[in-house]
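You will see chain A twice below: alongside chain B first, and alongside chain C after that.
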Partner chain A sequence: MVIARRVARLVFVVFVVTFLTFFLLDRAPGDPAELKAGLNATPEVVAEIRAELGLDDPLFVRYLDWLAGAIRLDFGESLVTEGFTSWDLIREALPKTLELMILAELMAIGIAVPLAIAAARRPGGVLDRVTSAGAFGLLALPSFVLGIYLSYVVGVQLGWLPTIVDDLPGLNDDPLENLRQMFLPSLTLALALVAVYLRLLRSDLIDTLQQDYVMLAQARGLSERRILWRHALRPSSLNLTTAIGLNVAGLIGGAFIIEVLFAINGMGRLTILRVAQEDFPVVTAVVALLTVAYVTVNFIVDLLYRVIDPRIRDGVA
Partner chain B sequence: MASPDMSATDQPSPPVSRSTSVFRLAFGPVVWLSIFWIALLVFAAVFRDVLPLRDPDELGIRTREVEKFESPGWNAFFGGDSQGRDVFSRVVWGARPALILGVSATVIAALVGSIVGMAAGYLRGRVDLVTSVLIDIALAFPVLVLLITVRASFGNSMFVFVILFSVTGIPPYARIVRGATLSLAEREFVDAAAALGANRRRIVLRELAPNIALPVLSFAFIGFAIVIVAEGGLAFIGLSLDEITWGKLISEGTGDIQNAAHVALLPATTMFLTILAFNLLGDAIRSIVAPRQVLTQRQLSVDGERPDTAPTEVESNGTAPHEDRRVLDIVDLHTKLHTPLGDVRAVDGVTLHVDRGEALGIVGESGSGKTMLLRSIVGTFALADVSRSGTVDVAGVDMLRADPATVRHALGTRIGMVSQDPLTALNPVRRIETQLVEPMRVHLGLDKAAARARVIELLRSVGLPDPERRLRAYPHELSGGMRQRVTIAMALVNDPELLLADEPTTALDVTVQRQLLELLGELRRERTMSMVLVTHDLAVVKGYTDRVAIMYGGRVVESGPTESLFAQPRHRYTVALMQSVPDLSLPSHSELEVIDGLPPSLVDPPAGCRFAARCSSATDICRTDTPVREHVDSSHWFRCHHPVEPGELASVPVQIAETSS
Partner chain C sequence: MRRHSARLLATALSAVLVAAACGGGSDDAEPAESDDTTEEVADAEGGDDAADDGGAGGDDGDEPEPSDDPPPSTAAPLEDEDQLTSAGEGGEGAGDGEPTPGGEITWGLGGDGTGFDTTGAISPGSIRVVNAVADPLVGLDVDANWHPNLAEALTPNDDFTVWTITLRPGVVFHDGEPVDGAAVAANLQAHKDSPTTGFNFASVSTITAVDDLTVEVAMSSPWAAFPYQLVGQAGWMVSPSTIGQNDTIVSTGPFMLESWTPTDSARVVRNPNYWRADEGLPYLDAINFKFLDDQIVRTQAFEAGDIDGFISPSEADIVDWLDDDSVDVWIGTAGANEALIMLNTTAPPFDDVRVRRALAHSLDRQFLIDTFRSGLTETADGPFIPSSKWYAETDYPDYDPAAAQALVDEYEAEVGPIEFELRVQPDTAVVEVIEVALTFFADVGIDATISEIGVGQTVPLAIADDFQAMSWFQFGAPDPDRDYVFFHSSGGFLNWSNLVSADIDAGLDQARQTDDFDTRYAGYAQFQEALATEVPMIWIDHLNGIEAAVTRPELNGIGTSGMFADGTASLPMTDGSFFAWTGVWLEQ
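What follows is the complex of A and B.
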């Protein structure tokens, strides 16, 4: 029941966001028909194309048409690249952005969780102070500034890793080279998340570590490591899970910037290029997919709650 | 990169007067540096035209004043860019658009957000729902995508940018203000004032303003930083203002990172420092609203060497000490909690022992140190800096000074512990089986199947119906009584010699209480297990223990065989406790409230007898000299200058006997 209501709300959000995008791009200067017809087209030809594209229909009708197609991943032809659909272009770019985001998320969790546990062991201790200050500093570093710093130090001064992604091989073809090139971009994107995750998990862990059941686990002679990882981590990770979900939107924005900085041909560069070219079917498709992705991730997070804390599943507490 | 987190924790004591000391706490040197940096930016933004700077668009490659990619130096502080333009001039020039954009977008977003938040929080119901759905949508919308589309539609004037950043900035303010309004509107005084005929809306508004001003102001600084970052992000993907902005400078310099890193690094660092300054200031303001909790370190230390005279038979009843009979032997145990307010002497010189198969009751009000005594035995304290001295031996293991692995093994195999509240004693996210099996596998090295078989048998012996099925359950799926049976089973998992029970039945209702006490007694006899039963309820002690120790102010004030102590209580506090045993018609877990006054502070405990302040028989000597132990017989003793004489209060023990039957 709760799940059904949640789904309804999410579907509603997807509709509103896609309609809004549709509406905004419709208001944008630039006429798709003129664009498609080319520079030397006569007004008659333009009018013909306009009718063909259905641009004379009212906005709402066009939105429903688009929606009917979108459900089958048919987002229409690109106006600029002859013979390519929007989906063709997206399918080319999507894997790189996805890889970037997933790598970043994994790195962020992989760095933040052990650090948070180490910091929460001794709140106010040296490690806790250092990580708190570090997290505060990281929060003040926009991804592009951080990316420049990392490129400069690791790429230019130390010369360890490439500062731009050049002719990225597929993850299946040459995983090592792929990861070597994606390392700096992913790390840059990850570090901003680390600060957020670290702060949240640390303070939730400190709360958990004061619970009776942790005290009793200690009294049972279990080692500190076991208590931290097996007893305290899971009940402390609800807020972290929420943050992971909510951060997907920010992560998408961050990925766009990282793609520009490191020259990755992903969704971000695709979008920026197509906005400049006024290739709006592609832009609308990207926005729609990103919204669905965001909403889906947050729905999965909702479900994850129930796995993490069985009390939520049963509607207690 | 020091943050106020550090300056806050450095303060030794929490603030007493909010207005003065909190300001000092929040505004350390780092914050003043931030204010200075922001002042510098404002100065640059206002006076950029009259400052003796080069024209930021002047091409050095033409004028020969600045060379292409000139390194930073006296000629051009931040060096030259790819066309010989003075990077320092350009950075100074960028301060103005940054401030105009940041300030106006922040002010608009904060105002609109506050109004929306107040409406949602005050009107609640449908308005609240609509707002929360709107916020959902706003959060779901990839902000950068919105910016791209809107900018493509409406151009890139400062006006468009201000509107863009204002709109996208609204949700967090709305959320903060909604929260503050909700909590305020729910407070009783609003209803009370409304009942007296005052205008409800006016009350909320008048009360609200001061309550939301600081949180909103605090977030505004962080919001400003977010605007700066967003502009930079947009500039980075080629969608910035038509002016020189920091984002644009960084973006232009990125391509030359290999050969002239300063062109990107210096504007980037300017932006970083600006964001850091605003975040620090916002954080400092927030710590005025919600002063940061001063965390003590989680630390457990031992003071002093093991005394030479350790485990001595002080309470011997004539026979020689039998070390192998001793399950628990505590000598002169002191436990200090180091807190910002001073050292709490939670346990202050306690000596006691428990023999094999014996049950010792420890009785006292809350704050008497009885729970801390138990925790001192096992060495677990939540978030505290604790030091212990003296000796605690459990079945021959020195719990204070043995190496950690030995202590953990002793904890796992020789001691079992049951705590007060079965609701919080079990980990809510782990199955009963996982929790019960774990100590067997860790300490005894049993395999899963063997451990499981033992657990099922154990659950049956504590009277849990259908144990196989319960193993799969989570704690919340069991009733309170069942949960306490599980926690008892958990304590017995590795067949301990000593059971420590801290008010094991206080949180349960009377019938379940009795059942569980009976069960504990049975289990104890079957296993010849010793027990320490901590309680504030004398009736519990009477029926289920062999000896009793009465605790007050961190010390044992009277101790003796249960029967002797009930028949002939000597300490005035013991008598007071007996007289305050709750009426049978009341639930027996209600706190003892009949003794006037409160237990003494253990930070700076009074000299002499700690009960003196609440004792009607106290004289001057009670307030100066700590009473020494006086023996009624070899096993019953007390510390009191004016003990109760036999016959003085004959009726009291009878009353107790009735309660416990």
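What follows is the complex of A and C.
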């Protein structure tokens, strides 16, 4: 029942956001018909294209038409690259953005969790102070500065890794080359998350380690490592899980910048370019899909709470 | 002094604000590659590479004395003269040493490719790719005169009302179809019939395939400069079944399109059936074109060796690299886009020539060049660079604030305050220049505000006459006939400024109808003087210096002459050759 309610809410949010996107792009300056006409933008030709694109219909009718197509992944033709549908472009870009986001999350978790555990073992210790300072430093650095810096040092000066993603092979085809090209962008995106995850988990772990049951475990002679990884980490992960869910939006925003900095042909770069070129069908499709992705991830996070913390599942908390 | 300080402050502030607003990508989308005027207008003519429009005449008449004007450099003199490409240099082959076949390169593109429909508006990013997969019927020699290329010969009748194009036997498209009279006629007819490109062929009345190797093009009026139209887009031949197709191109060039991913990259591979294959051409096995929209990204990718070259680096990088032996900088000298402000002469206040002249008098172009171009460009007072053989001295209004003020006072006493909106593309490099230009206008009491428009909106707005003033990049064709429709009253909505001038029309018509150099020169001199008097556009600078190509030293043939099939040296790519990729080679 709870899940059904959440699904209904998810569908409602998708409707609202896609309609608002459609509405705002409709009100944006620039006329898609004029853009498509190009040098041929005489009033007669523009009127003909407007009719052809259905731009003379009322907004709500156009939205319903679009929605009917969107359900079948038919988001319309690109206005800029004739011969390609919006879905053609998205299909090319989506896997790269997904890979970037997943790699960044994995790197962030892989770096933040061990560091947080190590820092929580000795609050105020050298490691705790160093990681805290590092985390605050990373939080203060905008990702585009970090990206340019990493690209310059690791790519230009040291020549270890490429500064751009070019002709990216699939993970199945050539995983090493794929990861070699995606390492710097993923790391850039991950480092900002590391700071957040590290601070959050460290703080929750310190609280958890002061709980009675942890002291009981210590009294029973369980090893520190076992207590930390088996008994303290899971109950301390609720806020981290929330942050991971909420950070999907941040990751999408970060991907927009990172994809430009490392020339990744992903959803972010596609959106930025097509907004500037006023390729409205592509932009609307991308925003709609990102919205669906965001609300879906947060829906999954909601479900994960119930797995992580039985009190939520049982309606106690 | 106070005003100067205020201007410097405004310059600094605008740079900071614009950089902040654009999230740091301050040099993205430089005019040469991303400006949509260039994209949809110059490039519809094949003018992406700035200089690559047209040529300077197939005429055999006398040329004027060489210009005494300085090279396009002031604040940052070129250290290495060999890095200046110009008509007459090179000519001994693709580069230094013996070309070696093989290898592949990655070339950075600053502008996105939007497709390959040769009858449509092709973007700069696409044109660079097309240059590798299509070689035009006509090319330009080192003097920027037209020279047969894919066509074997072009012959006019006595009064230039009929041109006969003779084709080479045995040439095939990438799909194996023959490049015969029917195919060429079909391409030219499609170009003429296209609402986007047809304006180029307004004077063409009929196109007939006479036989397998002959096409006859008849004109409604004498057109001596017709071959220059075939240097660019109109001269690219595609397999007849693919005419009008946007997602691929099947042409005749040294390379074949293997893949294209919009917004990302394209890959072209060696054409084994190239019609010049017996000369060992092309040398490279493949070229990967990578679209890199951010200037910083392009620069870092180049410095890291991830790309082998690109066009239009930032001004600061050009200055740095001119002193760097590990980088070759190629600056063309034959012509380039001009940066300017287009005025709508039918919209107040620019329907009054006093306001237009006041605007020109008020603008210190050299200040803008010193501030924003590192002194690499040259002030413009018309569509031709002073080193062009078509350039003529004119009375274009010089920087003279007092004269500007007098004109403003006179106009305001009669009509009222001068206010206007200046439409600008969302490009940092453009906005910052215009921001400072506005302070010059304000100094003489002209109140202008900036209105940013979307990428791709420039041309539609100009066609609809929905502007008072607009930042613009165009012209600079070595042969002025390529720009005919943009100034002649018969150009209709393509006569962007809407200026109708009997002197301009007469000058352009006189020059179009003959191949006698002196007669043509006189016509174009009249045209330039009329432009300087009427001031339908406020010229800023010729962009040669910043439309440079940078390459790593192992890459040869970019800034040096190539060869036509008959051994004649062609204009280097950086000076507007359309098929320079043919002779590019990599030291192995």
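Basically, the second predicted complex is superposed on the first by the 310 of 317 C-alpha atoms of A that agree within 3 Å, B and C clash if a C-alpha of one lies under 4 Å from a C-alpha of the other, contacts with A are read in each partner's own complex, and residues count from 1 in each chain.
Keep in mind that, in the parts below, a residue touches a chain if its C-beta (ideal position, glycine included) is under 8 Å from a C-beta of that chain, and two chains touch if they have at least 3 such contacts.
Values in this document were obtained by computation on a predicted structure and should not be read as measured data.
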Ask   = Quick one: chain B and chain C on chain A, clash or fit?
value = clash
Message = Just to be sure I read the superposition right, which of the two partners does A:Y63 touch: chain B = first, chain C = second, or both, or neither?
response = neither
Message = On the A-aligned overlay, A:G83 touches which partner chain: chain B = first, chain C = second, or both, or neither?
response = second
Key: Which superposed partner A:L222 touches (first chain B, second chain C, both, neither)   = first
Message = Contact-wise, after the overlay, does A:L246 reach chain B, chain C, both or neither (first, second, both, neither)?
response = first
Query = So, A:I257: does it touch chain B (first), chain C (second), both, or neither?
reply = both
Request  = Considering only the touch criterion stated at the top, classify A:F75 as touching first (chain B), second (chain C), both, or neither.
outcome  = neither
Key: Touched partner set for A:T163, first chain B, second chain C, both or neither   = both
Request  = Quick one: classify A:I148 as touching chain B (first), chain C (second), both or neither.
outcome  = both
Request  = Decide which partner touches more residues of chain A, taking chain B and chain C as the two options.
outcome  = B
Task = Check the residue A:A140 against both partner chains and state whether it touches chain B (first), chain C (second), both, or neither.
result = first
Ask   = Which chain A residues lie in the overlap of the chain B contact set and the chain C contact set?
value = 29, 144-145, 148, 151-152, 155-156, 163, 257, 260-261, 276, 278
Remark   = In the complex, the residues of chain B that touch chain A are 1-3, 5-6, 9, 133, 136-137, 139-146, 148-150, 152-153, 225, 229, 232-233, 236-239, 250-251, 254, 257-258, 261, 264-265, 268-269, 271-272, 275-276, 279-280, 283, 294-299, 375, 378-383, 407-413, 415, 417, 419, 421, 424-430, 438-439, 442-443, 474, 476-477, 487, 490, 493, 500
Ask   = For chain A, which residues are in contact with chain B within the complex?
value = 9, 12-14, 16-17, 20-21, 24-25, 27-29, 121-125, 129, 132-134, 136-137, 139-145, 148-149, 151-152, 155-156, 163, 206, 209-213, 215-223, 226, 231, 234-235, 246, 249-250, 252-253, 256-257, 260-261, 268, 271-272, 275-276, 278, 283, 286-287, 290-291, 294-295, 298, 308-311, 314, 316-317
Task = Going by the contact rule at the top, pick out the chain A residues touching chain C in the complex.
result = 29-31, 34-35, 37-43, 45, 78, 80-84, 89, 92-93, 144-145, 148, 151-152, 155-156, 159, 162-164, 166-167, 257, 260-263, 265, 269-270, 273-274, 276-278
Ask   = Of all residues in chain C, which touch chain A in the complex?
value = 23-25, 40-41, 44, 106, 112, 114-115, 117, 120-121, 195-197, 199, 245-247, 261-265, 267, 288, 290-294, 296-297, 300-301, 303-307, 426, 453-457, 459-460, 463-464, 493-494
